[in-house]
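Everything on this sheet refers to the single structure shown next.
As written, the chain order gives the labels A, B, C and D, with residue 1 at the start of each chain.
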Amino acid sequence: MAEGIDAFVLIGGDGSFTGAMTYNEEFNFTVICIPGTIDNDIFGTSNTLGFDTALNTVVEVIDKIRDTASSHNRLFFVEVMGRDVGHIALNVGVGAGAEEILIPEENLGLERLLESLKRSKKSGKSSSIVVVAEGDKIGKSVFELKEYVEEHLPIYDVRVSVLGHMQRGGSPSCYDRVLASRMGVKAVEALIEGKTNLMVGVQNNVITFTPISKAIKGHTKIDKELIRVSDIMTT
Amino acid sequence: MAEGIDAFVLIGGDGSFTGAMTYNEEFNFTVICIPGTIDNDIFGTSNTLGFDTALNTVVEVIDKIRDTASSHNRLFFVEVMGRDVGHIALNVGVGAGAEEILIPEENLGLERLLESLKRSKKSGKSSSIVVVAEGDKIGKSVFELKEYVEEHLPIYDVRVSVLGHMQRGGSPSCYDRVLASRMGVKAVEALIEGKTNLMVGVQNNVITFTPISKAIKGHTKIDKELIRVSDIMTT
Amino acid sequence: MAEGIDAFVLIGGDGSFTGAMTYNEEFNFTVICIPGTIDNDIFGTSNTLGFDTALNTVVEVIDKIRDTASSHNRLFFVEVMGRDVGHIALNVGVGAGAEEILIPEENLGLERLLESLKRSKKSGKSSSIVVVAEGDKIGKSVFELKEYVEEHLPIYDVRVSVLGHMQRGGSPSCYDRVLASRMGVKAVEALIEGKTNLMVGVQNNVITFTPISKAIKGHTKIDKELIRVSDIMTT
Amino acid sequence: MAEGIDAFVLIGGDGSFTGAMTYNEEFNFTVICIPGTIDNDIFGTSNTLGFDTALNTVVEVIDKIRDTASSHNRLFFVEVMGRDVGHIALNVGVGAGAEEILIPEENLGLERLLESLKRSKKSGKSSSIVVVAEGDKIGKSVFELKEYVEEHLPIYDVRVSVLGHMQRGGSPSCYDRVLASRMGVKAVEALIEGKTNLMVGVQNNVITFTPISKAIKGHTKIDKELIRVSDIMTT
């Protein structure tokens, strides 16, 4: 290559990976990908870089919202990132003790939401938090959910919080730093060994390779056991 | 009083203070108030409890937004609390290096905003943050500001972030804890001395008393020098 | 049992587990254990509750030490917890970009330490951090290491920091909260199923059971791959 | 000047200021100083840059130590920075609810310390924290204090924590950022107006100038009212 560049190590998500693959196909250019996105929505790795950091950021923010929710006896719908997958919502929902968690993978239905909130109120809790993934399957925005609950369950003073881009920034957690080092070392070693078109991932805590073409086709599945835990915790 | 309560020390804002005054008038009940609100909008004290903590919370969040703004070359309108006063917006705007700060006390006008943003873009900055108080005098919400800029200054990819209630929670800063201790001691001493209907405040770092009736009538004025500093920093 | 208690769920480390086992043997009392210690030194689980939180705490503190180390061109020996195992030291060392990491599992030797520090100085780095586990195999305290380096490598201005008990406190990370929920649910289910004398653990991200007698006999092994990564990163 | 430098704006403490003054005297070079040190030990300003940030850092760490102190019923001596002045110790001591605060400005005596600790124990508190400035007037290190208390008051399990350099780093608080902006603007304006040999400070929340020669001769006095508050809080 003109500039003396022999290979790329690309850190990003689906979009960047697709670009990398095209680049490889057209110019026969060596490329190794590292999954870096807070959504954790890449196939072939249980964790993407940034995911763990984002979980801590969101849990800290919800703790702050809980402070004010408790002192005013309120219900909050908190929208977190996750258009296609509910990894952030499910983890922070359990981590922050949410009363209900709405994710793209499951349609819990509005009936269940109302039941859950009634139960929470009855149990004497001083506040309620519902965590909602952007792409929640019920298909209502947090603003529509607010209206719906105010209409059908007027016992609550409802508020909305859309966390947005703050979820993407901040100093990385130790886990993300260590994972980045492990993936980075493996990526360079892959280049040395002449590999290409692979994504470095982590599975069962072992560093692995997945063809980029496969990585961009799927998502890491939501943890069924964690859904079960969240169901038990929110009942 | 039936329950053996001789006096109240009330921590709150305008609303609670008005209630306390009424209570005092009707029942001749001794009451001392301590200003606790993140908005810093009480007359007779340069700092309300929670204000300093909220500033740190907001600056941390804007730092995180800046991370993502920079990597995507974006403009963010960030709405912070402050319906009647711009204390939070002005301080976090300067603290987080905002390109422009919109507050209830001044109408900078949309023209100046566009000029400011053009200048920021020209200077080669990789991101722009505009901090907007809820009650900004221009009278447009952050969503309307986004639309306006996208129409009149299409060089920017614009995003919006409404920080909301997270600003009210969290573990207090050292300054707020020390101030709370100082005010609390003074409030108890006031009760011992038989005082009533007063608000404990801090002015020029000295603990003072202000009649509640005066405290609820005004706001601590925005710092003109800080507006000047922010004008210089954002030019 | 007199007080109507049918079973214990005990959260703790080796010591508490041994007590629980004795209790079970003597009184035939049902007990399920959950591993809660920041040292991550329990057999039968890849993560103990508190470990991830402690890693984040320590990395944040070392980042702050790095700020001052850089501006004064200094070498810091930072002692972290880990009397028998180097999990904390190894992870935070990689996470915070330490120049060298000294752990109980390996005797790197003082020669290698000096070589590493010389190399770091030559490479033009403005600061050096050496992370030392309490039980480091070289067998010298951070104070002795400071003296040794000052004598044998007088190019450095050396400082020492013993992090101590702050590592044990703080608000838990999202990972630790989720893990605690998963373990808690499993512990209760174990009781319902009539199980006893077991420790709930997590292995390859699946919740598992290990007899308490086995859990207290060993440690989770240090990750060899991570030692390799740290060797590469610090060279 | 050869390099086209017309003036310095110097950010630092006593040492740097003395250097700046010498430089000005010998080369007749224009210099304006800004007080930047966490110790808050410069005359002519109520706040030095970094002081407020350090207070928050230390309070957060003591909160973490309190977590473990409480669960084990322990007494901690926590050493914080402050060789000549007790500003950090006094503020964080009040902020973190310390049982006793030892500073360079006052010799409380060992007798009072023992009395204070006995009282704390009797009152049923589950933990005790004593904050000690480096230059505490009693003249004993935290290690000597530990020994003394263990000998004379064996009811406590005593631990020591020396916070050290972590106090100097980290992302600045909003207050420090705003103060830095205000001081920076004033420093540049001073240069434009042809001033020299001055330190920019803040007094009663107004930006002021003090001759450097005076600034380095004294310290900002410890707040007597805050000592009184701390006495009341710790009794």
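Everything that follows uses one rule, which is that contacts are C-beta pairs under 8 Å (C-beta built on N, C-alpha and C of every residue); 3 or more make two chains touch, one makes a residue touch a chain.
Quantities reported herein were computed from a predicted structural model and do not represent experimental measurements.
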| item | value |
| --- | --- |
| Chain pair repeating A-C, as identified from C-D, A-B or B-D when over half of the contact pairs by residue number coincide | B-D |
| Chain centre separation (chain B, chain C; CA means) in Å | 41 |
| Chain C and chain D: spacing of chain centres that average the CA atoms, whole Å | 32 |
| For chain B paired with chain D, centre-to-centre distance based on mean C-alpha positions, whole Å | 27 |
| Residues of chain A engaged with two or more neighbouring chains | 63 |
| Touch-based graph of the chains, sorted into line, ring, star, complete or other | ring |
| Footprint of chain D on chain C - complex, ascending | 57, 61, 63-69, 76, 159-162, 164-170 |
| Chain A partner contacts - residues on chain C that touch it in the complex | 46, 52, 55-56, 58-60, 63, 91-92, 94-96, 171, 173-175, 177-178, 181-182, 185, 204-207, 223, 225-226, 228-230, 232-233 |
